[in-house]
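In the two assemblies presented below, subunit A is common to both, partnered first by subunit B and then by subunit C.
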Partner chain A sequence: MSPTPATGDTGDREPLPAPSNEPPAGPSPRRLGRATVGKVIAFLPALVPTAIVVAIVVTLVSSSHLHNFGWRFFEAGGGSNPYGDLVFIVGSFLTAVPALFFSMLIGLGIAIASTTYLPSFLSKILDPFVDLLAGIPSVVYGIWAFIVVAPVFGTLVNPWAVAHLSFLPGFASSNHPTSPTSLGVGVPLAIVVLTLMALPITTLLIRDALRSIPRDLWESGLALGATRWEVVRRVSLRHGSRGIWSAAFLGFGRAIGETVAVAMVIGSADRFPVNVYDSSNTMAAYMFENLDAALVNPLVGYNLAELALVLLAITLAVNILGRRLVTHIYAQEVPGL
Partner chain B sequence: MATALASSTTPPRWDPSDDLRRSDTFRVRWRTGFDRWVGYLLPLLFLVAIIPILDLVYYIGSQAIPTLSATVVTSVSSYQSYDALGVPIITTFLFVALATILAVALGLFGGIATAEFLSERSASWVRMSANVLAGMPSVIVGYFGFFAFVLYFHWGYVFIAGVVTLSFFMTPYIFRTVDLAYSSIPRPIREAAFGSGAKPVQYILRVGTPIAFPQILTGVFLAMAIGLGETAPIVLTVTPNIVVPSGLFQPATYLTYLIWIGFSSPPGSIFLTEAFQAAFVILVVVVALNVVVRFIAARYRKRLEGLYH
Partner chain C sequence: MSATPTAGEGGSVVEVRDLGVNAKEQKILDSITLDFAARSLTAVIGASGSGKTTFIRSLNRMVELTPGLSVQGKVFYLGQNIYDRGIDPVLVRRRIGMVFQRPTVFPMSVFENAAFGLRILHEEEDNIDPAVQEALTRAGLWGEVKDDLDRSAFSLSGGQQQRLCIARALAIRPRVLLLDEPTSALDPMASQHVEATMRRLKEEIVLILVTHNVGQAARVSDRVAFLHTGRLIEVGPTAEILERPREALTQQFITGRF
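Here is the complex of A and B:
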């Protein structure tokens, strides 16, 4: 660590090298000190995040009593199998996948515009708006979407789609339990809200990926006669593909785990949607709304804990995949990322 | 005549406009025009982010501001009988304050240890688990709080269960900013400290902390903003109360809970009014915290650059 003892004479010693940011050869200066007891004491608090994750997994596994339901858990519920939760798993994917698709598209557009086309003073003004989207609490999104956006769907979008798109499968309003023109809540509204909520994460990660392209590559692309768009499409997007994939994974993790906002706008009907306007429910929203019943019936508690375990497995997998793709640390903390 | 003949035998002089004219094919015009129009149209996508934000802030403000007054915000009368937001605001403040203290206690030392003591390998492992914890859905953390504290420890739906659950939710954010803050201290400064004989603890206390402190502060503020906006961890572990809890094992109410119970009430009902008021208060505090974080982070970045040069 300290190569030279601090004595007074510096007579015949070679001059110190100029300070540099390069890591010096030899043992890494990360490791401070040698005292093992101190090291152990210092090491313990670093285990806190891991310990919390392990505690969550252990608690959910032990309170789900996995043998109770077996594979019947993954069947559609109702009738002889009241604890089949396939509806919610399907509902989660039905809302999260389209939301991820839209937020990736919009995020790509915003990121390309901000890194390539806009003058830097404009993107400095506009980028914080996208980041601010991440800071707004999900329950505030929920009340806004339920009161402001849902009537737009109920009175404008859904009636228009019924009138003009009913030749498409699923767009007709027949055999619909509730009128598509009533409240406007349902899967489409949930997709809109989830798109907005995943947008800051996807945009931020794609922006970082596009910014990481070396200036040389960018300029040699232009020098070969390519337009900015061609350089973005053929060079930047390929160079940043890992970051873009990680944006997709982490955005999906955010979309599928979103709880309160979805519970407010999806209509909370525990069934497969019969058409595109219908209500349904997601894992997170169903878990959030029905936990009280676990106090009355322990089987419900086991069932919900198992559902939580499924959601946990999905988000863990998606998060680990997304994080392994990009190695750098984000200088800016964004909630939920 | 003679000059014209001479010029026709020598190669023609190169004229740049000639080149351009030759390259001005349909294909080139299409490519450059496409590029230009992409440049005009793509920035419009920012509207997808900006319009909802402005509409959200405007709508919630327009619903909440006419009914909000100093007496509403400070009155500690029973919040369900008439306009009085004092109890939820005070209780929310207590929630966030206690959870922040707990989360700092859980995350601060771990972040320092990860940045300063751990090998690169174990540090990356710890960082991964912190990232995973930050990416975990809030409902899962709430379930953990319910099964662990409410049921297993037999605490019931009480204040402290919500505080601990919330602090677990906030810990990874504090952990990560602390880790980042200490990791990004310039190497020459570390070397100068150790070269002049500082012990690790001396380095952390006297050199590292003063440099890293602004960024730690941003992490704390950010975690507070996140904790303030969370609903699921609280709703699943605490029952509401009409007074400020007098002890840790009392029921307690929370601002986001007011939104959750009031959002589907008919227009004009007291629950809906309170939901909007709560949403407005949360929005103001969260945006203020975010602005403060941005401000500190910008100043901190400048200072770090100053340290490098």
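Here is the complex of A and C:
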């Protein structure tokens, strides 16, 4: 700051001037300029997130060479993979959607138990474990699933399902040469891992949503002769619907973007799964596994950038859609809150 | 008249006998005995902390939802002690309804709010429409909402919401309705509507109203019970208690000295 005091400051300690009919003098142009600069500097940080999103989209579009190659990557034989990139998009949804379903279901169960049925001293002990679960690095989930859970699938779950459920479409064992169900890795194991990884965020948000119900609203339900379960089902879930939808959208984002743990357990077969035990691959895992190929072959690099763009577009779309839906529910169901 | 009411006249729907509620080291209610006759409105008045809310919450076992409170004594509903072992509080609350300080409408339509208790009871679909209309009529809200029952209950004004809460409680036809300062969150106009509803309902069922507003007690009640630090100081016809109280404490409360 300049050490010389601004001229306008000297009058501050003098008594108030007598009222005059002249309009009061505004700030000097120099002070005005300084204030504007200050405002701009204060605004700049607010633009950072926007700038980052725009920069990522623009640069990814240019490195994906979308404008040169179009969407041909998604057709069979189009990308670096003979089956086309559609495989990975399908693989991502095939793992993320069931994982989201299970993690929402389990998260609802945990949240309802913790907020409604557990004595408060017990829920105080048990609730922090959900936060611990959120802190486990994904590579730990991946290794654990690969070493411990995969053999269980390979030796128990998959053989049982082949023996008892083969009348269902997709449950019969195939003799596909590269899908030995006995290894246990594959789409089901990826779903298990993703369910566990999405579980903390869904549980935490659902729990907060259920906990947000005002005490007198909760008691009003009970005062009408409803059981706790009926109040949860008919009132709390509606009242907390905003948080529950948020849980679903954030959980989906977590599941579809997860990379390392999925790469470790999905079997990394770049094709559509032929049965429910089969391996496949996801966008995120495929990108991660083909970095070295991209160094050698620029075509692979373009392809990966294009996949990244698709994944980005999906997560942005889910995010925006989620926001809209949530504000819509918010405005309709629970105004004034 | 002392704190002992005339008991056993017959026709009492609720009979409270030596009711006490204790927190860890504190008596919240001390040995209250009081009867409530059919088709009456009793106002329970008292200062903050006098135990009046705890008192009506112990009449439908809502008091058990507050951790750390223990209940002694008996509350008979049509001759049955609601605190007897084997009595399910859920069933008690289906007979003895309650309305809270703040309107507590559920996040659903006006119709579904009023039908809530009926759905809990798995009432047949054919019976729900007429029962909802009847409940809304009894609560004095039907005329204002009948054209758009599907709109969100949040779109109603505060006073309408509170009458919807009354309708919701009435829909399952309780014999007793507990009202815990039902107008304390409402403006004077909305309060008038709720008071008119109360005056009408006292011709049909037992109303027990907790209020800190002596004027309201004067306007709507037949009988006033004054609680002070958990004890029933005095009970009697409204005019008598408000104009010629026997106890000095009652006199002090009514004249606004505490």
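Here is the rule we go by: the second predicted complex is superposed on the first by the 268 of 337 C-alpha atoms of A that agree within 3 Å, B and C clash if a C-alpha of one lies under 4 Å from a C-alpha of the other, contacts with A are read in each partner's own complex, and residues count from 1 in each chain.
One rule holds in what follows: contacts are C-beta pairs under 8 Å (C-beta built on N, C-alpha and C of every residue); 3 or more make two chains touch, one makes a residue touch a chain.
The structure presented is a predicted model; accordingly, all values stated were derived computationally and were not measured.
Engineer: According to the stated criteria, A:47 is in contact with first (subunit B), second (subunit C), both, or neither; which is it?
Structural biologist: In the superposition, A:47 touches subunit B alone.
Engineer: On the A-aligned overlay, A:133 touches which partner chain: subunit B = first, subunit C = second, or both, or neither?
Structural biologist: first
Engineer: Examine A:291 and indicate which partner it touches, taking first as subunit B and second as subunit C; both and neither are also allowed.
Structural biologist: first
Engineer: Which partner does A:74 reach: the first (subunit B), the second (subunit C), both, or neither?
Structural biologist: neither
Engineer: By the touch definition at the top of the document, which applies to A:257: first (subunit B), second (subunit C), both, or neither?
Structural biologist: It touches subunit B, and subunit C stays clear.
Engineer: Who does A:120 touch here: subunit B (first), subunit C (second), both, or neither?
Structural biologist: second
Engineer: Does the superposition put A:160 against subunit B (first), subunit C (second), both, or neither?
Structural biologist: neither
Engineer: Who does A:106 touch here: subunit B (first), subunit C (second), both, or neither?
Structural biologist: first
Engineer: Name the contact category of A:216: first (subunit B only), second (subunit C only), both, or neither.
Structural biologist: Second partner only, subunit C.
Engineer: Starting from the residues of subunit A touching subunit B, keep only those that also touch subunit C in the other complex, and list them.
Structural biologist: 227, 230, 332-333, 335-336
Engineer: Spell out the residues on subunit B that touch subunit A in their complex, using ranges where they run on.
Structural biologist: Per the touch definition, subunit B meets subunit A at residues 31-32, 34-35, 38-39, 42-43, 45-46, 48-50, 52-53, 55-56, 59-60, 106-110, 112-114, 116-120, 122-123, 125-144, 146-148, 151-152, 168, 171-173, 175-177, 180, 183, 186-188, 190-191, 194-197, 199-200, 203, 218-219, 222, 225-226, 228-232, 235-236, 256, 259-260, 263-264, 275-276, 279, 282-283, 286-287, 290, 293-294, 297, 301, 308.
Engineer: For the complex, give me every residue of subunit C touching subunit A.
Structural biologist: 60, 62, 65, 67, 90-91, 93-94, 97-98, 100-102, 104, 106-108, 116-117, 119-121, 152, 154, 165, 168-169, 172
Engineer: Within the complex, which stretch of subunit A touches subunit C?
Structural biologist: 120, 214, 216-217, 219-227, 230, 234-235, 238-239, 241, 332-336
Engineer: Which residues of subunit A touch subunit B in their complex?
Structural biologist: Checking each residue of subunit A against subunit B gives 1-2, 6, 19-21, 23, 28-33, 38-39, 42-50, 52-53, 55-56, 59-60, 63, 106, 109-110, 112-114, 116-118, 122, 126, 128-130, 132-133, 135-144, 146-148, 196, 199-200, 203, 227-230, 250, 253-254, 256-260, 264, 284, 287-288, 291, 294, 301, 304-305, 308, 311-312, 315-316, 318-320, 323, 329, 331-333, 335-337.
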